[in-house]
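All chains are identified by letter, namely A, B and C, in their written order; residue positions are counted from 1 within each chain.
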Amino acid sequence: MDAILKVDHVTMKFGGVTAIDDLSFEVPRGSIYGLIGPNGAGKTTIFNIITGNLKPTKGRIFLDGEDITGIKPNKAVYKGIARTFQNIRLFKSMTVLDNILIGFDSAAKYTYFEAILRFPRYFKYEKIIRQKAYELLKIFNIEEFANLNATALSYGNQRKVEIARALATNPKLLLLDEPAAGMNPKETAELSEIIHKIKKDFNLSILLIEHDMKFVNAMCEKLTVLDYGEKIFEGKPSDAIVDKRVIAAYLGDFTHA
Amino acid sequence: MDMQIFLQQLVNGASLGSMYALIAIGYTMVYGVLRLINFAHGDIMMVGAFLTFFGVSSGLSFEVSVLIGIVGAAIVGILTDKVAYKPLRDAPKISLLITAIGISFFLENLFTVLFGATPKAFKAPDYLTKVFHVGDIYLPISVIIIPTVTLIILAVVLWILYKTKQGMAIRALAFDIQTVKLMGIDADKIIMIVFIIGSSLAAIGGIFYAVSYPSIDPLMGIIVGLKAFAAAVLGGIGSVGGAVIGGFILGFTEILVVALFPELGGYKDAFAFFFLILVLLFKPTGIMGQDLERGRF
Amino acid sequence: MSKTVSYLIYTSLVVAYLAFVYYAQDLFDSYTLSILSNIGIFAILALSYNLINGVTGQFSLEPNGFVAIGAYFTALLLIPAETKIDMFALTDPAPIILQMKAQFLPAILIGGIAAAFVALLLSFPVFRVRGDYLAIVTLGFGFIIRILAINNPEYTNGAMGLNDIPTPDNIFNWIGIIALITFIAMLHIIYSKFGRGMKAVRDDEDAAVAMGLNTFKLKTVAFMTSAFFEGVGGGLLASLLTTITPDQFSFLLTFQLLIIIVLGGLGSMSGALLATILVMGGMEWLRFLDEDMVIFGMHTGAHPGMRMVVFSILLIIMMLFARRGLLGDKELPEVLSILKNKLTKRK
């Protein structure tokens, strides 16, 4: 398989607690891959390992064949990984547009002095990234909110801003941590559409953590189920729902998002 | 160096180190539970010394004045938390730090207004200023009393932290304040206890300082406070044992280095800063290496 | 308001300001000029202090240290060698001190560069770890500068300080223009990817890192920029006052700047300008508190320090009840338009 991401026998221990136990899986290039499991199963922990926020006790992470284990988080972005957060971490003092422009930071190729002295390169690149930012806003249908403070938007729209911001960093692999959390069915459907669209338009691979099984079903081609840090299933969503171990882990509760 | 002189400096260093240790404990405990560098803490030390001075110059006995000093400092500490820090518990960190500086500056200027800026002579009772001569060593009795009392206090504090319910709550608070609140523990009361302990210790440190260097001024808390904080960082911020270790290391270093290299005398106050930079460069968690994300005293 | 109209307004404001600076020396008496000069220098200091503290959110207490560095470098570059030989009372000046010589503008700039270099050195230990320590390190740093100045008399004339620092006749013009340049430079930084990055570090440093920002570099750049302009302000101060001593650059200076940027609104450059005028005015106006006052026929006696007691209480009250200061983290045009919207809505 042409894997964009390979998680290779990763174990994560915090003192006496084993949060992740010998986890391995591969995300095929160009796919939408799910990571599900009950609360505390270790999903966000493995995200943090992939993005470099945590160094695994054992095991390696490979992006596009390159070993990126323990890389610094901002380096990981440079390598092509971008992420969103479970509890939406937008920059609260800034506008929607400015939040997204942060994602385009590396695309604005002017120096500090060129900015202070307002050399032509400053104007050239500011124009370029603003244009790109507006294009992203259009895709997510939030163009009208560009100059509002990020916190003024509805929860669903804030989530969109966060994804757009991550997209602005031009990633190969997008990590979405519970993107549909707190959304109503209409918003969830819209989000589902948008994610499919950006995957196609931007040639992305997507790894997402989710609870909402309907969403997972609609989105993911393949998934891994975690329970207490261990992989208990890997395969198609439709097969996951009927797998005995998965059912036991969730205590049969699949309709709840 | 001559053995006599070395021993002399050793005892001086122990005495100075004790004072730093007492003040450093307060810094480290408040940082542990609130993640706040209480800039006003050094000034609490000054408050303790001045209230004691005020008692003595008003004619009260030394012992009663010391009590007033300690209790007064504790009250100032509690008030500081209640009035200025508690309302800002959920505010951004920088607001808290700015307020702490504000309180510090306020105390310094208030006591300048009340007592004047010129240094005051601190009259300690005779039993504390008696001097022994052991060979060539000049041994003021304070130099023995201070470290001894400090170690006793340290033992008491550690006993409180590890053998009482309140102490356990303090350690839990340093670990995770949200969970502790969810468990029905009155976090504010525990924080108040921390301020009481820290402020009282700082006051005692201030009184010891006043006995050893018999002049006090309203700005004495700043430099000593800074150094005590550096000592706390050196020992490992959040660790009471570390604060004491850091305090003694700093005290010994200041005395011994100047004794060995008198030409460095003017730089005595810079050693603390030097240690601070070293720690930040090479081992930010300090000697006791407490990672406060898994906080323990 | 259309872009051309705002552009016209800003340009006319700048022209009016420059005219004011140019003609001020003819219009005002020397007392007023000295007050305006102080306000100008404090504005430079407040604007730069605002960058590391307000915009980047790193609580620092550095100004008095960097101002001292700038002041000493500039002074040593401006004072002629013969004057130095007479002035240095404690020991002979070191040879390099006698060689140091520069024209006014280069001397000021070198003061700034020296400060920025020291800021770079401090950045390495401090910004690698918890930002909490920046405040303590910069607080200590201010004391260290004083210790260094006192203990190296062959370079600094020790506790006696330096005097006979030359002042150009048009110092007021220099201050006015540099203040304007500082303000414009700060605005250019804020409205660029660097300003956005600094604000992101302030709002949520972990998220900023997750978006690929090199937060260490951003913090260091902000810190060095603040240091540079604070050094420049220090150089101007040395030239204006003609005399500097190690004790002059105490924490009081930093505290005043802190009050200014909090009052103006942490992160707002135009707020810092407004607040400079208010606080400097207030400090003068409240001077009577430090002197003997007669209340209800009774003398209070002179109590130096009373004024700062009032100011520290003011700061604490601001932090408790008006943390966002006058303009919050926005600039004046934005605040005005928000007000306008609020007022027109009511109708």
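Keep in mind that, in the parts below, contacts are C-beta pairs under 8 Å (C-beta built on N, C-alpha and C of every residue); 3 or more make two chains touch, one makes a residue touch a chain.
These numbers were taken from a predicted model, which means no experiment stands behind them.
Novice: Tell me, which chains sit next to both chain A and chain C?
Specialist: Common contact partners of chain A and chain C, which must touch each of the two, are absent.
Novice: Specify the chain pair with the maximum number of C-beta contact pairs.
Specialist: B-C
Novice: For chain A versus chain C, what separation do you get between their C-alpha means, in angstrom?
Specialist: Inter-chain centre distance comes to 42 Å.
Novice: Rounded to a whole Å, what is the gap between the Cα centroids of chain A and chain B?
Specialist: 47
Novice: For chain B versus chain C, what separation do you get between their C-alpha means, in angstrom?
Specialist: Centre separation, chain B to chain C: 32 Å.
Novice: Please name which positions on chain A make contact with chain C in the complex.
Specialist: Where chain A meets chain C, its residues are 51, 53, 72-74, 77-78, 82-83, 85, 89-94, 98, 101-106, 108, 110, 112, 115-118, 122, 126, 129, 165-166, 169.
Novice: Please output the residues of chain C touching chain B within their complex, sorted ascending.
Specialist: 53, 57, 59, 61, 124-126, 128-130, 132-133, 135-137, 139-141, 143-144, 147, 150-151, 251, 255, 258, 262, 266, 303-306, 308-309, 312-313, 315-316, 319-320, 323
Novice: Which part of chain B faces chain C closely enough to touch in the complex?
Specialist: Residues 35, 37, 39, 84, 87-88, 91-95, 97-99, 101-103, 105-106, 109-110, 112-113, 117, 222-223, 226, 229-230, 233, 266-267, 269-270, 272-273, 276-277, 280-281, 284 of chain B touch chain C in their complex.
Novice: With touch defined as at the start, can you tell me which chain C residues reach chain A in the complex?
Specialist: 185, 188-189, 192-194, 196-197, 199-200, 202-204, 206-215, 221, 267, 329
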